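Taking it in order: structure first as structure tokens, then the write-up.
Letters A, B, C, D, E and F mark the chains as written, and numbering starts fresh at 1 in each.
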Amino acid sequence: MPQYERILITGAAGRLGSELRKALAPLAGRIRLAAREPLGALAAHEEEAVFDLADMDATIAATEGCDAIVHFGGASLESPWQTILDANIRGSYHIYEGARKHGAKRVVYASSVHAIGYHEVEAQIGVDAPVRPDSLYGVSKNFVESLSRLYWDKFGIESVCLRIFSSFPEPADRRMLWSYLSFADCIRLVEASLTAPRVGHTISFGMSDNKVKTVDNRGANHLGFIPQDSSEPFRAAVEARTPVPDPARPSVKYLGGWFCELGHPDDEPKG
Amino acid sequence: MPQYERILITGAAGRLGSELRKALAPLAGRIRLAAREPLGALAAHEEEAVFDLADMDATIAATEGCDAIVHFGGASLESPWQTILDANIRGSYHIYEGARKHGAKRVVYASSVHAIGYHEVEAQIGVDAPVRPDSLYGVSKNFVESLSRLYWDKFGIESVCLRIFSSFPEPADRRMLWSYLSFADCIRLVEASLTAPRVGHTISFGMSDNKVKTVDNRGANHLGFIPQDSSEPFRAAVEARTPVPDPARPSVKYLGGWFCELGHPDDEPKG
Amino acid sequence: MPQYERILITGAAGRLGSELRKALAPLAGRIRLAAREPLGALAAHEEEAVFDLADMDATIAATEGCDAIVHFGGASLESPWQTILDANIRGSYHIYEGARKHGAKRVVYASSVHAIGYHEVEAQIGVDAPVRPDSLYGVSKNFVESLSRLYWDKFGIESVCLRIFSSFPEPADRRMLWSYLSFADCIRLVEASLTAPRVGHTISFGMSDNKVKTVDNRGANHLGFIPQDSSEPFRAAVEARTPVPDPARPSVKYLGGWFCELGHPDDEPKG
Amino acid sequence: MPQYERILITGAAGRLGSELRKALAPLAGRIRLAAREPLGALAAHEEEAVFDLADMDATIAATEGCDAIVHFGGASLESPWQTILDANIRGSYHIYEGARKHGAKRVVYASSVHAIGYHEVEAQIGVDAPVRPDSLYGVSKNFVESLSRLYWDKFGIESVCLRIFSSFPEPADRRMLWSYLSFADCIRLVEASLTAPRVGHTISFGMSDNKVKTVDNRGANHLGFIPQDSSEPFRAAVEARTPVPDPARPSVKYLGGWFCELGHPDDEPKG
Amino acid sequence: MPQYERILITGAAGRLGSELRKALAPLAGRIRLAAREPLGALAAHEEEAVFDLADMDATIAATEGCDAIVHFGGASLESPWQTILDANIRGSYHIYEGARKHGAKRVVYASSVHAIGYHEVEAQIGVDAPVRPDSLYGVSKNFVESLSRLYWDKFGIESVCLRIFSSFPEPADRRMLWSYLSFADCIRLVEASLTAPRVGHTISFGMSDNKVKTVDNRGANHLGFIPQDSSEPFRAAVEARTPVPDPARPSVKYLGGWFCELGHPDDEPKG
Amino acid sequence: MPQYERILITGAAGRLGSELRKALAPLAGRIRLAAREPLGALAAHEEEAVFDLADMDATIAATEGCDAIVHFGGASLESPWQTILDANIRGSYHIYEGARKHGAKRVVYASSVHAIGYHEVEAQIGVDAPVRPDSLYGVSKNFVESLSRLYWDKFGIESVCLRIFSSFPEPADRRMLWSYLSFADCIRLVEASLTAPRVGHTISFGMSDNKVKTVDNRGANHLGFIPQDSSEPFRAAVEARTPVPDPARPSVKYLGGWFCELGHPDDEPKG
């Protein structure tokens, strides 16, 4: 018997969401897939909820009947303030309100390395380190980390905030040789977050078992996440096609990588 | 010669803002007072800016020519989400954008005990402890603490986030016997924050030198704030008129006091 | 109106107990004085309970009607095992059982420096440091610190464990120039422990405001204890009559002083 | 040549003791097995000592000639105070006195998770965390941890206190999926404790290499214990026959499990 | 009776040494003053030793008969490598060899803020923080801190390493408003270091009780140093004659001040 | 394409240097081998620099054209002060000056366990622990750790200081069963130090994956060093030929082993 009756996955059409859609099926009787556009063909155990996270009523309605929420929706990159505000801040508030109103037990949230992107690579921070966002995107991740803490302490809804580093099909540059989180490991991390016996409010980093390790994830060991993959198989190819970067550059110095070299998103030309 | 050319004080009509208006005059050539309604008579060194923090353009405009901002405006209590969003989240973003666009050097922000209100009284947390907000209000304080960290790390604007405990004319209940921050000490704290040689991004608790101490403020010792007042002169009167509370109640157990016993603000009857 | 209805003071005939007997009167309607022998004349607000702590029934009976207990009874020095067992281990268990059965809210317990006596003077330990007892006496103090922790976590009885250093009329040797706790400060510490708004389970060191400070008591700041006395007035006399001790001796090296140079109490000749 | 001349194993008839009896033979010339009843047939390298730990003279006599003691005897569950007192507190004192009088070099003691059972699962405590017993049984474990610290600091007898989690033939419930210590790993842990080059006074957690990890055992890495087993092979069966527990229950929230939901053992009906 | 028979003061002709010469007289029967040139008239309790610290034999000879050494000699500013090597590294080795060969009990060494000068002002480091020297001068201070640690651990000679911040007649610039150590407080600090009952190997910061505090000296509380002076009386004058510095400058950002803006001393033109 | 143009290896004729000479070839176009005597036949990619580290000009000249330096030269054991001074202190200063003048990007330095040799085995220190050298040799290692920190903070030259424990062909005694660093792992550690994307100033312990672990190297996880070897294959032979040592001996108690039992090297008879 699966652990949950119905899991809502937001961002189900996204890079990670579409992986999770496939992988989480055994954990729930039904999977509800949330996206801004219809997803096309659904499996028998799947159902669809089409709405915009900025729409409070629609978002809350979509959480009905779900005892777990895997919240991977919203903007996934640095974006103009209005986008961050609507998709990530307001949208996540709507999700937590849905969880509260409809009795979800646990939320797994896609936070990000960018929540602590301005810590130095060699600082070896743990999950308790003070926040140091590297972008408005990172600030929105801190917002949800704070909001979910409130919903645990006051309303008893458990949350796991996953500070995902770089979850891509394969490492695209030298930084990803340490920040890489394989899709398979990402799925393991979400599964662990959904099935751990007790999470309360837990923050976890999300990286594969790469050789170079830049953070200390012991504070989340009760999740039971043990990465199985590594960036090593990709090393030779990545090093062959990319130059050695200057260690003094912000994108090498700080955990957040190139986000630390971005300007303000509202300064971008709007042409 | 005063240290600043022009200080903007938001929330200038408020309980603390009106105290600061008087006290900060020696630190700047001019004081600009921001409020939602005209303030009436102004002194020679004062000028007025009437606008709503939710209005981005007006808020940014009001920061022009100010090399320091004392941001005490916005909702000062737990409030419905829309109020928190407009006045505290969006409003503070507008202030920081103003600081960035018009070159303010330093912002002093009225954060709150409610940013860490769910920590236990006997935990003796320091300023680096993970956030544990006790309300949507507290979540909005965490948002600005995160945002201001970004504006320091990326844009070089210094900030001091003051986690003010209970700044009232005198302690109103037994909890305030330890959480009390006299107006005079509050002013000392803002002055110290404005004049300390370097603050980078500093979080400081704000309490007077009360006997019972529930947090450890050493992490902010470089501000040079040394409280001069105490709740002791008020103790006898407070104890005479209030019963001994149950130490097991959330309002006694946690730093945030009665905020920890509030329900969700959007559940309040609207009738 | 006093905070407590009736405070039980154990060890009421002892050095500190007789000081507390006088000082705690304002905090309770009645003071019950526990001792092994009758105490003689009693004041109007006082009552007497004569029993041995090793007698479970008598001890439990003596706690009836007491909403607070100041437990200073038992052996106050290194002693043979059987004495430690009866007076300190079994006796304190009886006290806590009395508190549980008769609904006491808070216990203030005379723990001791000897609970952590084998930590080095220059280690500057806090109240959270692992225990390092220097004697069977110290082991019995650890026992009660552990027992009282259980009675808080499981049965909701608050406790303050006071690790008293050297509470004597005046410093008797050079070590007491740093370990001295004046009677007046000892009373302040017990009063603070009884009246602090919430203590949960708190461990506090007990020393006056002496110049040389060998431990860090910040973890107990929520008690509101602020020592007012110092060993300085006694320094000249003490230094005149005592030689400079060798810093390599255990009695100088470790917090516990001469207890660290004692052998095993059961090895003492019995003749 | 084996490392020890003679190892005394107390609790030799118990669940773990009978495993150790078989496994420790290579480490000593002779194994002395202590139990309350005769054990039946003995191997050539074995000898028997039948006595009750509450009997001081008999216990001390049984330690003669032993250069190491593996102290697994006494009550192994929450029990009435008199049992805890006699079997665990007094009994262990007798063991340490035997060690002192007869010159044992090292004691390996079966402490328990219940010594720190009221710490939260997600707190990820280390071996240095303050004690938080969940039972009188746990308090007795703290007593021996304190006593053994004294016997190291003052009398030079090394001890390893093993905070064993759940050592059973296989995991019996969902909690044991993280708290499981296989018999083979338990033996590895005792062997490591006996053979590590230096232990001084070491506290170690005892768990197999289960996926979900709830404590941080790095402080005991000098023992050289590397668990080889895991609860994973038992997971499917355990999950099939047990429901998902409520994470808010004390038995899920705290390390000590169902001990945290027990009442006081002296309140049990005696009929 | 004074605590020491004879104290050797090196650097006796220097700014601080000449203050100490006057102040330490009560602590010893005789004061031996070490300098590179004769000092002129001596008091009855004084004696003189004229030598260069780079001269091993002369330095060792000068320590004969001294049971305490106050080592304030050597280069007191950033200097070319050869000077640092001879006066500070080799010279201090000679002093410690003298202490070892002639049985001195305790050495008080003038280390410096420049031993940790590259830590940030807002980091609030303690005395245990890793070293971050800001100059070859600072490296030489780290060398002696390390050397003196060896001489304590291996040879039993106690040392106090005083990381003096800015000890001048009065604060000369805005940084000194927080780094100021009055001469009187400097003397109190050396006296405390000489008379504390046990110091083992202690590192202490040296600052007066200035408002802005940039480091945490609790780790040295067992010295019994309580500063009595403050930079506040000098604030108005200093602020009147100096501009507000840019908080982004290394000399404001880091504890070491302008040393952090110096180039390499061997690059200085020699013409 | 190799990462470096030319790596200088000092101590190239030594035990570890000759291993590195073979292993590092793939990382650079050319390898320059520094030694005090000619090395004999060179490979095509090798070049030789014969000089004494105490010779500043020669040492600096030898660094020309090298963008990385692997500094394993100098005295490798406790030695008389003059040797330590010339070979380790002055010699390393010359190396860093060469790096600064000729633009080397990164230095990998052979520090040693003896830099922290007086920490206790069971203290489980991390790389940030305060220094506690066990010899003049260890003091010289602390000197270079401090010097290299300065050259990073002020001059931007990255360094990795490797605190190598016992790098020998195989474990020679029981201590090496935990302190062993195989040659292959030593090479892995140097390779990782040369190729990690950013090291700033990193201190790392160097041990193989032995069972007994006495330090915590997490602070250096960003190097990407994962040891592959272990002392276990050598255990039986070592234990067969060596007795069990007394855990109270300094050579067993402290990380530094037998260095902690050495006297002062300048006291050795010279005859």
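Worth pointing out:
As a working rule, a residue touches a chain if its C-beta (ideal position, glycine included) is under 8 Å from a C-beta of that chain, and two chains touch if they have at least 3 such contacts.
This structure is a prediction, so every number in the text was calculated from the model and none was measured.
Note on connectivity: the fewest steps through touching chains from subunit B to subunit D is 2.
Among the remaining chains, those touching subunit B and also subunit F are A, E.
Contact count check for C-D and C-E (C-beta pairs in contact): higher for C-D.
With centres taken as mean Cα positions, subunit B sits 31 Å from subunit A.
Mean C-alpha position of subunit A lies 41 Å from that of subunit D. Here the spacing of subunit C and subunit F, counted between their Cα centres, is 52 Å. Pairs of chains in mutual contact: A-B, A-D, A-F, B-C, B-E, C-D, C-E, D-F, E-F. Every residue of subunit E that touches subunit C in the complex is listed here, in rising order: 3, 156, 158, 192, 196-200, 202, 218-219, 221-224, 226. Across the complex, subunit E is touched by residues 120-122, 124, 174-175, 177-178, 210-214, 216, 244-245, 247-248, 252-253 of subunit C.
Residues 81, 85, 89-90, 93, 97, 100, 118, 128, 130-136, 138-139, 142-143, 145-147, 149-150, 153-155, 260, 264, 266 of subunit E are the ones touching subunit F in the complex.
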